[in-house]
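There's a structure below that I have some questions on.
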Amino acid sequence: MGGIEGFIFLALQAIVSGILVGGVYGILSVGLSLAFGVMRIVNFAHGELVMYGMYAGVVASKTFGIDPLLILPVSFLIMALIGIAQYQIVFRHFVGHATLQQLLAAIGCALVLQMIAQIVFGADARTATSIFSGQYTLLGPLFLSQAQIVAFIIAVAATVAVTVLLRSTAWGKAVRAVADDLEAAEIVGINSRTINIMAFGLSAGLAGLAGTVLVTYFPTSPSSGFALMPIIIIATTIGGLGSIGGTFLGGIACGVIQQLTAILWNSALQDVPLYILLMLFIAYRPTGFFGKRSE
Amino acid sequence: MNTSAPSMTASQDNGGQTRALLFALLPVAAVAILPLLPFVNDYIIAATVRALIFISLGQAWNVVAGIGGLLSLGHGVFLGLGCYTTGILFNHYGIPPWIGVWAGAGMAAIFALVMGSMTLRMRGVFFALATVAMSLAMVQLTRHFVDLTGGSDGLALKFNGNSWWAMQARTPMPFLYGGLVLVIVFYAITRWILGSKLGLEMQAVRDDETAAAAAGVSVFRTKLTGLMLSAVMTAVAGTLYMQFYMAIDPDAAFGLSQAIQLQLPALLGGLGTAWGPIVGGALMIFLSEVTNLGATKLEINGLDILVYGIMLLFVVLRAPKGIVGFFMDRRRGR
Amino acid sequence: MMQAASTMPAQAAAVALDVKNVARHFGGLVALRDVSFTVREGEVMGLIGPNGAGKSTLFEIISGNMPPTKGSVSYFGEDCTNAPAYMRRRSGMCRTFQKVRLFESMTVEQNIRVAASQCLPEGRNAHDEVASILSQFRLEAQAQRRPSELTLADRKRVEIGRAIAGHCRLLMLDESMSGLTHDEANHLITEILALNRTRGITVIVVEHVLSVLAAMVNRLVVLHNATVIADGTPTQVANDPVVIEAYLGTKQKALK
């Protein structure tokens, strides 16, 4: 292939696979954004919940021989319950303010969850296989992983479902009322405690679901949670902490930038532009593209 | 706190200070005569040096987080700058760490200035996120520039035998005294800050930024000064870290678990107090040695990290003022 | 009845604060539209209006915590629309907060010392200034206490002491009387008027209850629906049909 044509082809490949990967980054991040939007909680252990979601897929695939994609509801429920436990033990003390103490408590959770995973599952990387794992499709000149295409579709569907849930149901309206003004919501008779528990459960459940989707094409290890947190934070900050749709698009932006950097420049430095972008956003537009004013 | 209270009589003040001085000299003396004691071996001395290093690092973090209330979760960046700058200057250019330490401190100050200027106008959580991102970016960058940093394998100091000039020794003993001096100096710096105009400004900003501005405090400049001071202290302690451990790799320098080890001494002991990191750092290293001993027997890796996590949760949820804060409250009669 | 503020010849005194055509929008919401008034040096001015009239927004704009969408603020003849809050404080523009905001981890003495050490002009001793503020507000006995150990009235006095420490030409009080008993409020008013008389400090008092202010100010500005609807002596304002209408109107709305 010629120079310029080759370049265009590579860029196109990077953009399309970036969108596919980015959609999954989006669904990884949506839960974090939701917890922040409703409760002002930055859950640094969100990545750990994702990691457990990944292990759920591994267990289903390797121990029971079930396709990970079939256990998505189970994985959602388990993580939602773990999330609710986490909320009841730790985060309910910190609702409303992302303080130093809250961030530290979240890091404490992350360390504990990570080490429990290491003791239970061992330190080695593990994989899970769905019927799409390792299958590839040629789309015109583009070479695409089927697992990634399926993961992207599930990510879009889940994000749309959450958006609809928050926009159109009575429960969703109550959640948004609590997010906007807790006192006012209490005055009109909304029990913010229950809302917070449910919202946190939803946030954690989404992390689990995202993890199980991700593990169909990406191996997991106990440190996967920490490893994924930067991307989750960046996607959320670019898109706007607290905005579901914005965060999803932020994830896609991360995916595209990462893939472009990896394919056209150097895959070892694929995240560096993202960090620079994060700094610029924090300095000049901390509410992201779609975020509300916070604090 | 030593804040020349008008209502307190001079004699009371003196008596209190003398007692405090004696109280402070005891642990110093204990560490100083440690090598002379019969049952003490190199293993115990090395563990004590580790404690002294992490007390120093914790004291540096205490300045920015405890006194200044800034949520720096990426202080590993400044530790790493101290380690790598000293190490690279020595390995590649033969410059001794006595000079390298100042180069590292300068790098940390510049880094803190740039990063702080970009992020400190924002409130809390965004600064915290920026510090995390910064340290993770440093991991990738150090891995990439292999020629300079040794990449993922890390950077090992060239060792040419015991040497004052190279600040290197086969035994941990010299570092015991180096660490002790550093702990005392950092303690003095913290005490000085707490009693100074800067310390008062930092605490005002920590308590309430808007009210601090309404009292004429330049919030941004105060935060930036605190961050730079803390960064320089961290980098200086980083040089000692490098000389003692003789090697550094990207995760040990910039990783999140390292950042947490920098925070635990102050958190355990008590944020914003000069004694906090000292008590907390000693406790942290003691607990980690004990758990590592247990972990080796049980053949479980990373048990110390699990213990750190539990300690962190315990302190934040049950003892937010740490050990020193707990006793200070009791003395104040609450 | 309490003694009202010194009635200075208003024309002769310098303009302490000049608010010109200030507007502030929050998205589509108009919090302030075209607000203008001046305060002369030595005046004790009341700024009143029902809840939601824009008082707080105006207060934050004047003290430098929020930029206006349009318009300008000048302080003793100098435009300070873009000056940060701490610079305004150092040049003597002082304020308190609606909900008392003290540095809770510090002693009363340290609270006042922070401001004194920032704002004192060259050559004066911060230590003396803190002592003088403590004695002026009779807080010597509480100097080493933490704010959380004080009564609300004392907390408010500490806050005013911190607000004026070092250098003060204009003092802006945000609903300082709320939450106080009748006696405590009267006491505080006497102390504020004393500051006006002895130190020549210009005072702006924000309240939503008119009765508190009538005894204390020599001028009232009424804010309603994001704009100034009356400006004059308390008697003039109290008899202004527009004001009566506005206040009755809100009352009726509030009842619905």
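Read from first to last, the chains carry the letters A, B and C; within each, the first residue is number 1.
Just so we're on the same page, a residue touches a chain if its C-beta (ideal position, glycine included) is under 8 Å from a C-beta of that chain, and two chains touch if they have at least 3 such contacts.
Keep in mind that what you see is a predicted model, and the values were worked out from it rather than measured.
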| item | value |
| --- | --- |
| Which of B-C and A-B has more C-beta contact pairs | A-B |
| From subunit A, the most remote chain by mean C-alpha position | C |
| Distance between the centres, which are taken as Cα means, of subunit C and subunit A, whole angstrom | 48 |
| Whole-Å gap between the CA centroids of subunit A and subunit B | 33 |
| Chain centre separation (subunit B, subunit C; CA means) in Å | 43 |
| Subunit A-facing residues of subunit B, complex | 65, 69, 71, 73, 115, 118-119, 121-130, 132-134, 136-137, 140-141, 143-144, 256-257, 260, 263, 267, 300-303, 305-306, 308-313, 316-317, 320 |
| Residues of subunit A defined as touching subunit B within the complex | 42, 90, 93, 98-101, 103-105, 107-112, 114-116, 118-119, 123, 226, 229-230, 233-234, 237, 266, 268-269, 271-272, 275-276, 278-279, 282-283, 286, 294-295 |
| Subunit B residues within the subunit C interface of the complex | 3, 5-8, 197, 200-201, 203-204, 206-208, 210-219, 272 |
| Subunit B-facing residues of subunit C, complex | 63-65, 84-86, 89-90, 94-95, 97, 101-107, 109-110, 113-115, 117-119, 131, 140, 143-144, 162-163, 165-166 |
